[in-house]
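Take a look at these structures.
Both complexes shown next keep subunit A, but they swap its partner, so subunit B is in the first and subunit C is in the second.
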Partner chain A sequence: MSSTHSDTHGPARGKRGAGRSTTARRQLWQLRLGGHQPVGMLFVSPYLLYLAAIFVYPLGFAVWMSFHQYFFTAPGVKVDRPFVGLDNYTAVLTDPDVWRSFLNIAVFLVINVPLTVVASLVLASALNQKLRYRSFFRTAYYIPYVTASVAVVGVWIFLFNSNGLVNQALGPLAPDPSWLVNSHLAMPTVAVFVAWKQLGFFVVLYLSALQNVPQELYESAAIDGAGKFRMFRSITIPAVRPATLLVLILATVTGANLFTEPYLLTSGGGPDGATTSPVLLMYQRGLQQGHPDQAAAIGVILVVLITAVSLVYRRFLERD
Partner chain B sequence: MKKALLVMLPVAALTLSACGSGGGSDSGGASNDARGPITVWYSNNAQEVAWGKSMVATWNATHPKEKVTAQEIPAGKSSEEVIGAAITAGNAPCLVLNTAPAAVPGFQKQGGLVALDDFPDGKQYLQSRVGDRLSQYASPDGKYYQMPWKSNPVMIFYNKELFKKAGLDAEHPKLASYQDFLNTSRKLVKSGVAKAAIWPAPTSEFYQSWFDFYPLFAAQTGKQLVEDGKAQFASPEGIKAAELWKTMYDEGLAPKESFNGDSFAEGKAAMSTVGPWAVSVYGDKVKWGAVPVPTADGTAGKGTFSDEKSIGMYTSCKNRATAWDVMKFATGKEQDGKLLEATGQMPMRTDLTSAYPSYFASHKDYEAFAQQAEHTIEAPNVPNSVEIWQTFRDAYTKAVIFGKGDLPATLKGAAGKVDKLAEGQ
Partner chain C sequence: MNANVTASSGPKRRRTAHATGPASRSIWSKVALLIGAFAFLFPFYYMIVGSLQKEPDSSPAGAFPDPGNLSLHNYAAINSAISLGRSLINSGIFTGGVIICTTVFGLLAGYALARLQFRGRSSTFALVLLVQVVPFQLLMIPLYVLIVRNYGLADSYLGMILPFAINTSAVFIFRQFFLQLPPAMFEAARMDGASELQILFRIAVPLCRPALVSVVLLSFTGPWNEFLWPFLVTKRQDMQPLAVSLANYISTVSSAAANPFGAILAGACVLAAPAVALYIAFQHRFTSTDIDSATKG
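Coming up: the complex of A and B.
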């Protein structure tokens, strides 16, 4: 690579030198395109095609839509799709419902993400010990994750409606209005539900990270007199930091895409819009109301915000 | 990976620029004179499926070269979304016998619907079948993109057993005026015979207002939600109807929480807003009575929400002459009679009761619905129809169901937004 570099930028400017430079540039381009092992591109090309079809194209199309006046039409119908600049962004950013949906999702993330990280790490640590019925517990925590949301939502409605088991247990301490129709409690209830439902997946991530922590560290710490809590704080938490970053980013990304739970658990974003998420608004604007251009603008804003949050996580957790 | 992505971005950009050209050729040269096989979707409730199969079999028996292939509308959250997606994909059937009028402006904007008055006898057929109510189904461009097919005029069903237990007159319940309705509701709940006097869905979906606010508003005013491009719901009459519901929610006579199931069938609610479909559904399970929706002072209402479904012809259809003939066949007097017999839903005909005298003589329960069917009020056919309903529903949810803010001010604010949306902004 270095010789190619010197060839390209070397002092020779004669005819021979220029020929060598062209060859070098072509080699450099081929190297960039195919890498040191061009056959590798052959193997990864199915994935690249998949990536282009499933990710690059839709994302690019969404960005394009957000800058144009766009609505879905029947094939062959000729309509203008004029460039409207930032009009769609202005429309959604001046809409109080959109702001409220982002605020709702912020409340959701503030509750859901820390709860997910702490609960999954603590549970994974517990399940990493030699326990009786360990396999049973591991399976039990994983089952909600693989069960359809539609099914478990029914159970939560049964638990948290005004006559549900939770309120019956709480008696006079039960909130009024009840959990899912209380504008202060509805989103926290959804956040706890999602944390519970996804816990199994994050426990598995942490379990695999914990199993790579050298046991010698714990043995040395024990010899030095460290207690369980000190070992957890000084060995476990630093050792699983990469997993924590992954959990944080995944929980944030999946949380930001919240749709099914408010749609089903609170009947379309109620009460009074307290659980309306940006993705739920995208569905309403794009599919129900025929404004996919505005829906795309909401989506682009969401992607930018979540990317920024993820970069902050990364910077914060990888600073060492 | 980054390098690979960089290589692929121009490819994506080229593809996008192709998308941006917006459109292509026309819809395949389909004409209103073409004949041949067609496809049809019908509703997925058991009674309509049975009627649909019978209708198609009868047609196919005499039209071997113009065969109809029919199926239930594919499953989805709502038929409107399924149809909207099918229009975009270009695989909508020729006819959908379950097209909601509120969705028609959106489908029309998509270029998905065929104007029925483009057929030589189109306007005349629609007018003769539907009569004066037809004007409610005209699109802003003056054309007709739907055949008004069947209505479910909304009334109040009440549970006679629960009324008796609450010490109320079950044969002549006091439900005509807003005050009567409130007093009766209070007695029902206070007596403990049911958790709710009435339990409409207090949820945020755009169409829920069709079963709480809109029937009362229609009965009081005889107007559509939007008329002449202006929202009507913030009028004194509209505010009065909203205030009735606000009181119902404030006093716990109507719960703010949705019920998972059928609150009326399970005896959790003593009343329900329903169409004639309810007669066969509740049958003998509940001893029910039916009365018109109340008006402010108890005088006879000027109308009620139609809960109507239309038949739409979609532009993906190649054999449109056959589709038009099938549409007329399915809405002819014979098939309308069979639909009435099978489902109890009211065909949108001017001569409904006189056309089927023996049916109404032997089905007294349906007579009241048939009378209501004569003056139904439809969801307005205006641009941004669904967005308008959602705007109204959001304001209603906030001010009426959850009692936040000033009710008249909130409705007036929503009316301002609706006016702009109705202009097509």
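Coming up: the complex of A and C.
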């Protein structure tokens, strides 16, 4: 993308350089060192310094930490941080709680991701037509997305507790124990909550993809006698495949980073650890129990797993 | 943007609909949209109604406001528990700091990446793309160690702001916007001897108001709603943003309070209101183009 753009600049600049031959040599020298506008380096340098300090260095530090024995000390105290090889990884991988948390997040993803993809595509298709109150609907779907999790969590606790509105409405059908304190239903409830909270973003993403689907495809399919469902399956779904890949990856990454919802909705990962997510465990292990090295190892494993899952999606969706 | 899309695709769509059975398509999708809108908005309605109830009523009747049962005392209760004013000021400083940093760094980097030829531009751009795939949670532990432990920035605004001062989406939005402007305009200014900084602030910035609004909105909701990082950084209650102090109230104090839900819902309304109001006021700015440029680059 950037290279196509640099071409548009080329000819204009060349002409100007030729016009001012006195400074040509200096310009050539400058060009070699910094490009046409070396001031650009200055403009991006704060950003790059920040990236180095807040992303690149901590990223390397996380990996380094996961291979060393690291514990908190008073500021300024120098202590040995011996290299321990894979000890942190072994400690983490032999811990049933860690396995449980990865299993929990798998349950979460199996419910949340398909629900997100299907619901956002259906809602976006419904919105992608001439419609009165279109902006009202768009607003309605987007509002949970722009609202703080902490705020909407408050309402969900109120709605889904044992004598909350949902159970009162369900009457005898209400689950016992209630949704968020039921070890079978807690994680599914959290998964539905997160899908609900973020759907608006994915609806907008699908909407922009749907607006690029050529209408002629639908018209010729209609002439061939294709039904609505057939058109949705054979035209819409393949046409928005790149958007689907993006939705899958983004939903998986945000899902794998789950923290606030189990922390608040199910009071810190309960019942019986049924909603403890890897990130919640990282917080508990690293900051509450003072094993940042093990927490870093959990983080590295989590990122490797997310990357693997994303690659699988990619393989799967870009096959043809 | 909305109007454009409707106008350009309207007639074609209608033709399609006629061919496939006009009534069924629109009725079913309208039903889906209405059910969806109800499911999406009801919790917000319930949040407001619940926050105004003197006595909590979780029966279906409680979903309808009863004039005899309405009062503002839940707002007073949450205010006395977590000091709303102080929390709002903290949220405001945190959010404002992030907005300023994001805008300034985003403008500089976005302009340079779109309009300036300099050595290392393409590698910078590659790095920018790479950063987007690093999940914050992997950085949580090392950033905590560095910012809170090593630099001693616990309970400080700087400590809260630092990890959010870069926003790659903002860089993308500015870059995309500057790419759309005609290059001749910048060339002309350069011929007249304007420095790049002058070009940026005299020409580019005034033209990029729409992109500025998008970036400000985008970088408002992030820190305003953020919970995990300020939660890790702040231990002192008088430094906590509202999302953190409300979350602490939900997870600790509420079980002991007489009517915790009323107070929680009142706090939730206060926390939700600014972001929702901003979104509604500027909703035509939250377009899919922004999301596109923010996610695809």
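Keep this in mind: the second predicted complex is superposed on the first by the 265 of 320 C-alpha atoms of A that agree within 3 Å, B and C clash if a C-alpha of one lies under 4 Å from a C-alpha of the other, contacts with A are read in each partner's own complex, and residues count from 1 in each chain.
The rule is simple: a residue touches a chain if its C-beta (ideal position, glycine included) is under 8 Å from a C-beta of that chain, and two chains touch if they have at least 3 such contacts.
Treat the numbers as computed from the prediction; the structure is a model and nothing was measured.
Residue contacts after overlaying the shared chain place A:Arg314 against neither subunit B nor subunit C.
Once chain A of one complex is fitted onto chain A of the other, the partner contacts of A:Leu287 extend to both subunit B and subunit C. In the superposition on chain A, A:Arg241 contacts neither subunit B nor subunit C. When the shared chain is aligned, subunit B comes close enough to touch A:His68, but subunit C does not.
Using the contact criterion defined above for the overlaid structures, shared-chain residue A:Arg26 touches neither subunit B nor subunit C, since it reaches no partner.
Contact with subunit B, but none with subunit C, is seen for A:Val77 once the two complexes are overlaid on the shared chain. Of the two partner chains placed by the overlay, only subunit B lies in contact with A:Val181; subunit C stays clear of it. With both structures placed on the common chain, the touch criterion links A:Asn257 to subunit C but leaves subunit B unconnected. Set against each other, subunit B and subunit C differ in how many residues of subunit A they touch, and the higher count belongs to C.
Shared-chain residue A:Leu48: touches subunit B and subunit C both.
In the three-chain superposition model, subunit A touches both subunit B and subunit C at residues 33, 35, 41, 44, 48, 51, 57, 61, 72, 75, 154, 157, 161, 267-268, 287. Within the complex formed with subunit A, the subunit C residues making contact are 2, 5-6, 9-10, 12-17, 19-21, 24-26, 29-30, 32-33, 36-37, 39-41, 43-44, 46-47, 50, 58-60, 62-63, 105, 108-109, 111-114, 116-122, 124-125, 127-128, 131, 134-146, 149-150, 152, 162-163, 165-166, 171, 179, 183, 187, 191, 195-197, 200, 221, 224-225, 227-228, 232, 243, 246-247, 250-251, 261, 264-265, 267-269, 271-272, 275-276, 278-280, 283-284, 286, 288-289, 291-292, 295-297.
The touching residues of subunit B, counted against subunit A in their complex, run 3-5, 7-9, 11-13, 15-16, 19-20, 22-28, 80-81, 84-85, 87-90, 92, 106, 109-112, 201-206, 255-258, 260, 314-316, 384, 386-387, 390, 394, 397-398, 401-402, 404. Those residues of subunit A whose C-beta lies close enough to touch subunit C in the complex are 1-3, 5-6, 8-9, 12-13, 16, 33-41, 43-44, 46-48, 50-51, 54-55, 57-59, 61-62, 65, 70, 72, 75, 122-123, 125-127, 129-131, 134-144, 146-159, 161, 163-165, 168-169, 196, 199-201, 204-205, 207-208, 211, 215, 218-219, 222-223, 227-228, 231, 246, 250, 253, 256-257, 259-260, 263-264, 267-268, 279, 282-283, 286-287, 292, 295-296, 299-300, 302-303, 306. Interface of subunit A with subunit B (complex): residues 32-33, 35, 41, 44, 48, 51-52, 56-57, 60-61, 64, 68, 71-81, 97, 154, 157, 161-162, 177-178, 180-181, 183, 267-273, 276, 284, 287-291.
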